[in-house]
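Below, each structure is written out as structure tokens.
Presented sequentially are two complexes of subunit A, the first with subunit B as partner and the second with subunit C.
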Partner chain A sequence: MSEQLVTIEIDGREVKAKAGAMLIDVADEAGIHIPRFCYHKKLSVSANCRMCLVEVEKVPRPLPACATPVNDGMKVKTQSPLAVTAQQGTMEFLLINHPLDCPICDQGGECELQDVAVGYGSDVCRYVEGKRVVADKNIGPLVATDLTRCIQCTRCVRFGAEIAGVRELGATGRGEHMQIGTYIEKSVDSELSGNIIDVCPVGSLTSKPFRFRARAWELVQRDAVAPHDSMGSNVHLHLRNGEIMRVVPKENEAVNECWLSDRDRYSYQGIYSEDRLTKPLVKKDGEWQEVDWKEALEAAANGLKAAAGGDGDQLAALVSPNSTQEEIWLAKKLLQGMGSDNIDYRLRQGDFRPGQPDRPWLGMAIAELEELDAVLIIGANPRQDQPLLGHRLRKAAMKGATITYINPLQLVLNYRSSQWVTTPAGMLEELAAVGKGLNLRRGIIAQTKAEDRHKALAASLKEAGKAAVLLGPMALAHPDASMIWGLADAVAESSGATLGLLPEAANSTGAGMICEAENNGKVRELLENPRKGYLLCNLEPSLDLHDPALAGKAFDKAEFVVALSAFRGDSLDAAADVQLPLATFGETSGTFVNAAGDWQSFAGAAKPLGEARPGWKILRVLGNVLEISGFDQDDCGQVLAEIEESLAGRKPENKVKVDVNEERWMPAEGMARIGDVPIYAADPLVRRASALQETVHHVEAAVRINAETAKGLGLEEGGQALVSQGDGQATLPVVIDETVPANCARVQSALAGTEKLGAAFGAVTLTKA
Partner chain B sequence: MANEVCLRFLGKETPWKLKNYQSYGGYEVLKKILSEKTPPAQIIEEMKTSNLRGRGGAGFPTGVKWGFINRDAPGKKYLVCNSDEGEPGTFKDRDILRYNPHQLVEGMIIAAYVIGANLGYNYIRGEFWNEYRRFQDAIDEAREAGLLGENILGSGFDFELHCHLGAGAYVCGEETALLESIEGKKGQPRFKPPFPAMVGLYGEPTIINNTESLASVPVILEKGGEWFKNLGVENSGGTKLFSISGNINNPGVFEVPMGIKFSELLEMAGGMKDGRPCKAVIPGGSSAPVIPGARMLDLTMDYDCIQKAGSMLGSGAVIVMDDRQCMVKVLERMSYFYYEESCGQCTPCREGTGWLYRVVSRIENGEGRMEDLDLLDDITPKISGRTICALGDAAAGPVQGMLRHFRDEFEYHITHKKCMV
Partner chain C sequence: MGFKSQPMTNVVETPDKGSLFTPEIRARIDKWIVKYPEGWQQSAVMPALRIVQEENGGWLTTELMDDVAAYLDMPAIAVYEVATFYSMYELKPVGRHKICVCTNVSCMINGSDGIRGHLEKKLGITFGQVTEDGKFSMKEVECLGACGGAPMMQIGKEYYENLTPDEVDRILDGLE
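And then the complex of A and B:
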């Protein structure tokens, strides 16, 4: 509202503030501390704890600073007898029913109640009656409850209602009997659920996997960047003896604010999973043998050299977009040293026709998403793919943005939007019709008809103050990804909207900048025309590639495959000849470039498990063994400096040069596969995070079809279906799912059981098995 | 001079029927206002003149409250009537709902006209099932007769009225908890400001008045603000419904002029049972501090006088106790009420009410210690004035009153482990 400045006085100090700002915020800004529990800067004011009571001149009663707007000339005393007795009074009330057994509480040592009690509590307890006891509830595998410790501040309840966008927790009962719970026994399933641990000021909600495993004061805190989605959430690693005990958000308003997605919070458990690769392995006579690093590196170098046989083009590198800039850079350099340009990171992409952006990105800063007035999102499920980007979009929606999705799935969203659900082929039609609504005539747009909704969307994009057209992972995995880019670009351009990508992985944007995808390899070509030698970095062939069947065949044919991997798995065991144990999240230094093009570097914090080594070091030494020049960096920073020098300030950009008249590869008729990636299956690390795999978001491979489609095929819930794609087949259970459009089969990727199938999106046939 | 306003038709043939209410002159004021299109500002002035102070307990001048809403501002506005009547000892609104529901409907239509509300709710105490039925019947009759709904009596003014039955929580009588409850949420008071006149039901400007306040409106406008004011005394205009109960011969509801002597009221209620002496009186519902009987007999029933005596007129619920009543037991019962009825959101009330109850209960059960009295003295001011709603003050008031006037009884209880009486 008013930006008018007022002058107030707090404890005798003159402070300038925006008229109407809450006193507690103004005091915080001025560095004057007022105790609080229910207040949280990202949540609505509830003013229920009464810890922040202060004296305001001319007001006889103490007022809550969290709910008192400042006005000019106001004189506030936070330490006056009136204020202090009020604060001490509240403190005493809060403690009468609190267990006061901090030594056995998981929160001990990092508890807001404990801290404030030191300042405002008394050392004598005047309450001699029995204390309240509340039965704990099982709210799922991620968050432990110890509800007797609850101080009813309702931060967790407000977090659910206001941030997570799902009212999963509530307060039932009156007075002393007021309890936090789910009402009906149920788990808390939001993809952001772990944040309730952080907002809870006491030990009522704690991390289930971490609980009772370490005390706060035994932990060393290190900064890092989350390794999954393209948000690049800033995190603190909490370590004990070099082991990551837990991950918590590090505040960065421009990126993750003060939140963290559950995936980023709990995936660290994967680091210590049983199938962690801790020793170099070499396949001898078909058997894997543990060897020392020297032997492994020599085997890798010799194998690659022999496979190339002097022809660099016989070598290819596939690097995960979850790899660091430094790893990708050195892999590229290594290949170049051997005469090959064949490197790619677009593992889940199927269509590589030219004209797609070379270095795609979000097209704006993350926080700018909130400011959008109209958004068209194509082929994306942000709540699953990038939960906190999804949260920014939700904020935009709550502020009134019109958000429209064109997807081959009905999403479960926590805000108002329009969802146009159609087949993969239909997605192009919808998008083209929006173009038609903008009076475009190019290519396939000319053949479509704009209905009212298309025209309305076209108008809203055009009239919005800020609009965006955003593509997501399902658009990139689409057989006509290039056409989608072309159409989206046309719509964005003619409506004045910003074109952007919601990239899938922690370093997708950075990888694009290094790989210069247009000039270098293209995954599909590198597998369709098998090379003799492959270098695989940080991926599992059957789970992380667009077309596992194709990949399987290529690696079978290859003479020599070197894998840098943090984990063992069947498909790597089958494909590789040498496996080099890779340091993973928290163990390696490096840099990720997030969706918005922010370069975020981090240092290694945890001790790499066993003999695992950071990828940049492995590649550096491999370069030495191969006697390639330019592999003498002493630390990660030098590698980064090289990258920066080579990119010479180049920025990501969404420049599209696609003729929207290309042949459509997705058949309009017949059954289409929808192979989106489940939230906790996205990469090798999260697939091994045990608590996340126990949540309701864990899925097993299945064929999800709607009832009508099932009926037409004679399939039913619980039955089995034979899924065929080319010569790849899988028999999977049938699940009736009305979020899937007719004539589509949602067979999600990255799940055990789908290894033999083909492209994530494409034609598929289903029969009763 | 009794029963002149809200209960004016008491004793007449079924005055809750529309036909009869109309035949006694009901809805005439409304008709006049709507046909003459009386300027709302003029009605507000008349209400101010009448000196009607909100009968829900807080005593805020009704005319002033109505003036907080800008009738012509765009957007929805709501009118809400508070018939939750949860304050122990209070049972006056029930009689209005029972015997004169149409006068409340008429008052609500007029109030809605004044503030520009097209939708209203009457929030009725959960236990008042029969009254709820009767009020609903009145609404239905009025709607049938074109007195509610669209284009009332051809005036172009629309007003729809709904009943909302509560579910038994005392705190839902607090106006903002009541709004939450109507919205389908847990009945918890909201932090104020913003006040309901700015941000009320569903976030829109809302006026909330007590049943008695609204039911008084048609008579005030019929006979004039001046007339009403002159029924009462300085600062307390008009008549008031008192629900008087306790150790008296004839408990019930009496509509009498403000400023009436307590002794007169007591007499109307048949005097003390068995001729026992009046030991103590709670003059304004359980939240009001107790006043010793002897003192009370000298007081008049109006806002100022009762306040000067250290208590409050509140909802006009008068609880009379004779010398057989143990004040410790009485307080224990009241403290238990607040302990059970605290909504639980703010710390001093949630934790403090339980603490108060347990200490008082300990004393009552012969397990008290002398320090407990100081403890009570110390805790109560840490509750009152520090909570989101006035339930915190309501819980602290009775304890403070009892200890002020009957401390010796508490001491006796502690030393002798039994009642003094």
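And then the complex of A and C:
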């Protein structure tokens, strides 16, 4: 029935539409504009603002277009005297309580209320009585409130309920006294909270970091791709005088729809942080000295050459998966030119045994996630790792998909799911048991027992129309990542599910395609057998590597370390001999390949700060200084063309060749560390985004253990514990956390205070300090 | 997929509901929950708030609203919305006897201002206040549907109609 087409007439134009579609959607589709406030295409219809009133023939009163389904032969007038009077009336009522503070309102110039008032309001105000005033609320560091401006459309409330999946804002009180807020003093903590700024049609909810910093009409808009997670959200950068003033979503239905995660929206603040590296630095007699580019590049080239001493294998490059394709490509070429294949991007990977996919990816388009009927997710926390991929999974769940997690942590999710929480070692047993439920017998699967829940999951994966088995960052950081791939592959294959990865970083998928991980370097090996020269790109050794202790030692031993970095930091200061200032997100052009294998290129928009330069340019000139051929590209596009030619249409793929009987490196007994990465600690840029660091999601290094484990160790909340891993140690505060399984210590990675510790996942010992 | 057509139940159900309220209060709320389809326990929010308010001397604290939310597995803000919307829920302490004076049209025409003035003088409080001894509080209400007996007031579950100052004195003196 829903596919049945009807013909209606809007303003004399004949329009075809699906029966039952809402009039406002049909008009939008036909390019006929009807004013609106409460209607939003991604939210439920609430029809409370009445701005969309139109005349429908044979109906004596005006009808709200957002809540009027079309039917055959309907004749609609959006500009008849009845419609116009209704719209003007609504506008007049809406403005009764709305303050006339447009000159000091951040929304001024980009305000739906202003626009609609100009287009549909009347030109005089008859209201002379007092206006209502609502006290502003502090709802956290990201969103500023000016609730007197609220027109009570409830978009922000519906956003919370329907998209963010947590009801934080509400409309309390009635009539004249209705207010938007949290009722009690409380911050809005959703990882998608910034979107309420975009859905709010007025200046009631605006960006706190951006507040009073620029007017809408002073800003220049440029497009870019968000630099953090593997979603590759499309964004608009808003610049004034070459400085990024804010970031807002750019609609792309196939990727981020019209949303943006808070991390992608507010991380731009990091670009202008105080420890931004703006001049090339060279270490002379142990002291950092500012030098000009020429000297720095020569020092870098000579240092690397000397370190290699003619043996290319003595050089290695570690590039962050947040680097662009162009940067990674040129780094690889540079190394190759010096006779080395030692390049890797898998900085947080815990296991490099062969047989894991060479070029892993999501295994499907992003939008396909929400069509899944059954999903098994291993070692992932999508709300933290890739918030908008998490949103797609939530959509699947709301449509009835069964979602099961195998994790070493209980997650706080915004949809119903099954969570199997176990120790890191136990994750393999759970996964193997699902294999057993599918009647598999190979390797460790044979030794496990399938309980009813495993059998039920096996059956649901098998019977589902569309099913997927997805690995996340915690699975890759696991010491037995290859076994997890092997088991997941076995389960996916025999159930007919798609195997996929939820990659951690903006360009993980692309980096995999360039680095051809199987044939080239492997981070662990490159650090365990220290090389004499290293090239580090866009990373901080103590925070961005799986095993900071191991990395620290390797860089200490190295003769020469060149770092391309946008920021200064202690661990880089200690490790490097030359630091070359790198242009950041927004300042550089380049390409990211997102989880789904979409190549998205962007141009540089902001002026690089100080003497910082785009990574591809730095590497190109370094190639020139080293007199390596093939480094004469004039622009980023030429580099990209080179990459595309060399990849010759090669696609990412999740081909696994792991014997699921390998030796297990994660000990089954004893205390295990869970070193997941906090949402706002994931990369150098976000770590410096000040507003994000003020949210509740900011964490300090700590040992999180459950009460039972704590009791067994004689530890208590607020006390200190000595964490030992290998020969590294750290004294950290104890936090009792019931989301952590027994015998596990969640000591999150990428936090100051954990730099002396070893692998993110592995054996640890805890004692009272 | 609006949140009107789907119950907005919390993802994780409250584990230890037995620790909320008293067994008697829980039993009273449970009687209401079973009247609704499974999974729609939040539909019982209004009776639950009424019961909890009754057992707390006539008013609701934020903590009690939170407990109602937890008991019905719904977001706390959704309970605050209900409790602030309806005027029968009290969010501040009230007297043992809550005197609700109708000041809507019919009562106003028939002298509710005089009734209000008399009460204020007699008790030394006005709307929204409680007498020092905690015995009485006054509240202004809209039409209670008893216009035929205007002016009128409600105390507890009783309506008192055709009021005069003397009648008011007689009624108040008769209260414990």
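Here is the rule we go by: the second predicted complex is superposed on the first by the 768 of 769 C-alpha atoms of A that agree within 3 Å, B and C clash if a C-alpha of one lies under 4 Å from a C-alpha of the other, contacts with A are read in each partner's own complex, and residues count from 1 in each chain.
We adopt the following convention: a contact is a pair of C-beta atoms (placed from the backbone, for glycine too) under 8 Å apart; a residue touches a chain by one contact, two chains touch by 3 or more.
This structure is a prediction, so every number in the text was calculated from the model and none was measured.
> Any idea whether subunit B or subunit C touches more of subunit A?
Counted on subunit A, the partner with more touching residues turns out to be B.
> Give one of first, second, both or neither to describe whether A:173 is in contact with subunit B, with subunit C, with both, or with none.
both
> Between subunit B and subunit C, whom does A:245 touch in the aligned arrangement: first, second, both, or neither?
After superposition on chain A, A:245 lies in contact with neither partner.
> Kindly classify A:488 by the partners it touches after superposition: subunit B alone (first), subunit C alone (second), both, or neither?
After superposition on chain A, A:488 lies in contact with neither partner.
> In the overlaid three-chain picture, which partner chain does A:545 touch, first (subunit B) or second (subunit C), both, or neither?
Touch status of A:545: no partner.
> Taking the superposition on A as described, I'd like to know which of subunit B and subunit C A:93 touches: first, second, both or neither.
first
> Tell me the contact category for A:45 with respect to subunit B and subunit C: first, second, both or neither.
both
> Which partner chains sit in contact with A:164 here, subunit B, subunit C, both or neither? Use first/second/both/neither.
After superposition on chain A, A:164 lies in contact with neither partner.
> Which holds for A:61: it touches subunit B only (first), subunit C only (second), both, or neither?
In the superposed model, A:61 contacts subunit B only, not subunit C.
> Based on the superposed arrangement, let me know which partner A:184 touches: subunit B (first), subunit C (second), both, or neither?
second
> What residues on subunit A does subunit C touch that subunit B touches too?
45-46, 170-174
> Can you name the residues of subunit B that touch subunit A in the complex?
Listed in rising order, the residues are 169, 171, 186, 191, 339-355, 358, 362, 375, 382, 385-388.
> Quick one: in the complex, what on subunit C touches subunit A?
Checking each residue of subunit C against subunit A gives 1-5, 8, 11, 62, 75-78, 80-81, 84-86.
> Which of the residues in subunit A come into contact with subunit B in the complex?
My answer: residues 45-51, 53, 60-62, 64, 67, 85-86, 89-90, 92-94, 96-97, 126-127, 129, 151-152, 154, 170-178.
> Which of the residues in subunit A come into contact with subunit C in the complex?
Residue positions touching the partner: 44-46, 158, 161-162, 165-174, 182-184, 398, 413-416.
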